[in-house]
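Below: a set of structures, written as structure tokens.
Note that subunit A is present in both complexes that follow, paired respectively with subunit B and with subunit C.
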Partner chain A sequence: MTTEYATRMGDGQRIFMTREQILADLIEGMADATDLGTIPDLSEDELDKLVDIIATPARMVGVEPGKEVPVTHDIGTIRIDGDQGNSGVGIPSSRLVGVMMHERAFGADTMELGHIDYSYKPVKPVISNEQQAMEVCQQNTIIPLLYGAMPNLGLYYTPDGPFENPGDLMKAFKIDEARVSIEGAAKHATRDITWIMRKMMSSGADGVNFDTVGAAGDGDMYASLHAIEALRKEFPEIYIEAGMAGELTLGLHGDLQYDGKVLAGMWPHQQAEVVSKAGANIFGPVVNTNTSRSAAWNLGRAVTFVKAAVKASSIPCHVNMGMGVGGIPMFETPTIDAVSRASKAMVEVAGVDGI
Partner chain B sequence: MGMPIAHIMTSGMSGIRAAGDLVARMEFSKSMRIGEAKEYVAKKLNVSTIDLSDEYVMREIREDLGIGVITSVAGAPKGIAAKMNIEKLLGIKINSCERFRKQIA
Partner chain C sequence: MSNQDYLDKLRDTIVNQNINGCVEATNEALAAGIGAVEAIENGLSVGMKIVGDKFEAAEIYLPHIMMSAKAMSAAMEILSPLLVGDENAGHGLAITYVQEGDIHDIGHRLVTTMLGANGFEIIDLGVDVPNEKVIEEVIKNKGKKMILVGSALMTTSMLGQKDTVELLKEEGLRDDIKVMFGGAPVSDAWIAEIGADATAENAADASRVALEIMK
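== the complex of A and B ==
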């Protein structure tokens, strides 16, 4: 009788697969990544290691002693006191309490302070409150504490912002006008992020986390890269982490460039180069999860993309491994068996510098 | 909420339970890759790199150096005070400590 191992689908549902089926899905996922990104295959040894990780007969797995890596965080303390919209668990507390719980109760290596809306633009009207929160947290904590939020270029378009929505313009075949709108929004976002972080640095922040760079397309990434460049110039010692929104930079504009490179269509190993060039210290590659495929297929694909990014990057890579990225199932409370297997695979096969 | 804890348990360096915060600071402050950052911190602490995630080894070292421990030890350096000791240990500047010094000058 053939042995079957409990594993997961990309949506988190439990399924059973043989070693041969796991290997076949790993290879298929890997092939999808190598084909899309024009990047190298994993070796036979690496594929065998991934099969072993997935088929380990334990609920939870862990990296070998000595291979541990620092863990950085997005959303920050909002996961403690926030609502379900931020995957928060709704425990009434303060952000200071949230940071201290992560440092002293959970053993977090780093932490992040963020605004409940978790986008940069809405921070502007409440900047003094954010500075006050950062000051109190910095006085009471030891681990590196960043200020984090999403560049979220979407907030700069109508009806939320001053620039006409490029989606509406494109529907009317006003392509040039749509591009002008994206460029204007990007300039405002760069200005806002730089201003907010100038304030936060004056309140003792260790640095900044750009979370979901490129979520609103290449304009979003363009704005983020220019903000990173400006902050590095103004604050040579600032800690800067830039985590992506997706594996592929969407070309809503199509012609935006950074350092002579077109941003639209960039894969993680190409994103790493421009993020580093802009002046970030840590790059966060993202590979999205396909809910209709197995965890093995998704992990083979994600590890292949991330391994290429780690190799191409000149700065540390902290792979994004939240719900629905990095080989983690797309489910709000992802199962510990799936999370721990993906986590171990990224460290021991993709060679990430952190998570 | 369980997901970040699962990552910390699977792959993390345990923060101030061990030396995770110190390695993270070198990745951030000098853009060191993981191997270089671990070597740098291990050399400063006079331990091996495997010890950096070992709570048994790091507990006493952290308490002796005054760089913060996970439990609430009365009278031990915490917050800014612990970070000032980390600055000296790692040979780096920490923004919140710089701000603190400017305010008391």
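== the complex of A and C ==
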């Protein structure tokens, strides 16, 4: 009887596959990535390594000694006292306690202070509160502490912001007006992020994390890149991390460019180049999980995309690993077998510099 | 200029999202003696096919495809009056709507535009449409070559699509009309389960599928 190994579907469901089935799915996932991104295949050795990682009988796995990488956390400050809807565990504490627990108990290498709304725009009216929180956290910790949030261009459109919603405009075939609206929102977002970070830097922040760049399409990415550029110019020593929202930059505007390159339709290896050019220190590639395919299919695809991004990037790549990204199943609390296998694969096969 | 040159010009104005140029090229083609049907089938539709393929390949994006559709619609405003009475013209009547309980209409509008741009006569019932109203419209147009194109973004509203097919059967209308459903939760398995005819991945694919099943 052929041995079957316990693995997962992209939605977390437990399934069993033979080595041959795992390899077949890895190859199919890889082929999807190479086709979409026009990037190279993984080698046979790399595919064999991925099969070994998935088929390891242990419940959880880890990287080989000497291959450890830094681990950066984003909204971890509220992971302790946040509720399940915020990926938290609901233990009454504070953001300061969250930072300290991650530094002293969980082994985080850098941390981030983030507001519960987790977008830059709503930080403006509570900036003094955030500055005070940053100062208190800095006084109690040693690890690099960034300030982070989502650029979230969506908050600049009606009914939440001053610019007419491009979705509504496009429905009415007002394409030029929709584009003008996106461009205006991007300018405001760049201005807001720069202003907020100027304040946070004056309160001792070590840097900034742009979390989910491109979540509202190419305008979102355009705003983020210009904010990165402005911050690098104003604070030459600032540590800037830019993590993407998804594997493909969606073209809601379609014609926005940075450094002469059209942002719409960029895959991770292309995103890495413009993020680096703008002045970031760390690029966070994202590859989305397909819930209807196996973990092997998703991992083959994700590792192929991320390996190409690592190769193209002139700055370190810290891959986004969590629910629904990086070959990890889309599940509120992803299982440790899937998370540890995907993470090991990213380090040992894709060659990421951090997670 | 040869007839093919005029048709190529029509195609290119669609591909290049040249709305004013498309109107101009349409008038030029008509003045050169090219018929409305030929202009649509061998010029404009060829352009829309290229646009659809580029959209699916992520080479162009939502604003681009909408500009092309707008160019096509501008041309159709000139050509449609010329199609009246032409038995070879058009692909039939498309009744489009969003299922009851659902007001998400971006996909619905795009599909409606693409179908219109591809030569379908359109009756757009809008959003949050009860099944009874859909059936009433089908009965009103009985005898015409028809396709029903329903959209639902949510799994809750998607369930109403099953009732649509059931009601068509109860009224004895199912064999008179093709039924196509779309929306994020709609899958091939769902289409097979409820006895509809087809679904599509996106607006460009929807027009291709609709043309295919209406042959």
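By definition in this document, the second predicted complex is superposed on the first by the 355 of 355 C-alpha atoms of A that agree within 3 Å, B and C clash if a C-alpha of one lies under 4 Å from a C-alpha of the other, contacts with A are read in each partner's own complex, and residues count from 1 in each chain.
The definition used in the following text is that a contact is a pair of C-beta atoms (placed from the backbone, for glycine too) under 8 Å apart; a residue touches a chain by one contact, two chains touch by 3 or more.
Note that the coordinates shown come from a computational prediction; the quantities given were computed from them, not determined experimentally.
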Combined model on subunit A where subunit B meets subunit C, clash or fit: fit
Contacts of A:V286 with subunit B and subunit C, given as first, second, both or neither: neither
Subunit B versus subunit C as contact partner of A:D353, first or second or both or neither: first
Partner chain(s) touched by A:K171 [first = subunit B, second = subunit C, both, neither]: second
First (subunit B), second (subunit C), both or neither touched by A:R179: second
Touching partner for A:G265 - first (subunit B), second (subunit C), both, neither: second
Partner chain(s) touched by A:V89 [first = subunit B, second = subunit C, both, neither]: first
Subunit A residues touched - subunit C or subunit B, whichever exceeds: B
Subunit B versus subunit C as contact partner of A:G254, first or second or both or neither: second
Lowest inter-chain C-alpha distance for subunit C and subunit B in the superposed arrangement, angstrom: 28
Subunit C partner contacts - residues on subunit A that touch it in the complex: 36, 167, 170-171, 173, 175, 178-179, 248, 250-255, 264-265
Of all residues in subunit C, those that touch subunit A in their complex: 58-64, 66-67, 70, 105-106, 109
Subunit A contact footprint on subunit B (complex, rising order): 1-18, 20-21, 23-25, 27-29, 31-34, 37, 49-50, 52-54, 67-68, 70-72, 78-80, 82-83, 86, 93-96, 99-100
Contacting residues of subunit A [partner subunit B, same complex]: 60-63, 65-73, 79-80, 87-89, 102-104, 106-110, 138-144, 201-207, 237-239, 241, 281-282, 314-316, 321-323, 328, 333-334, 336, 339-340, 343-344, 346-347, 352-355
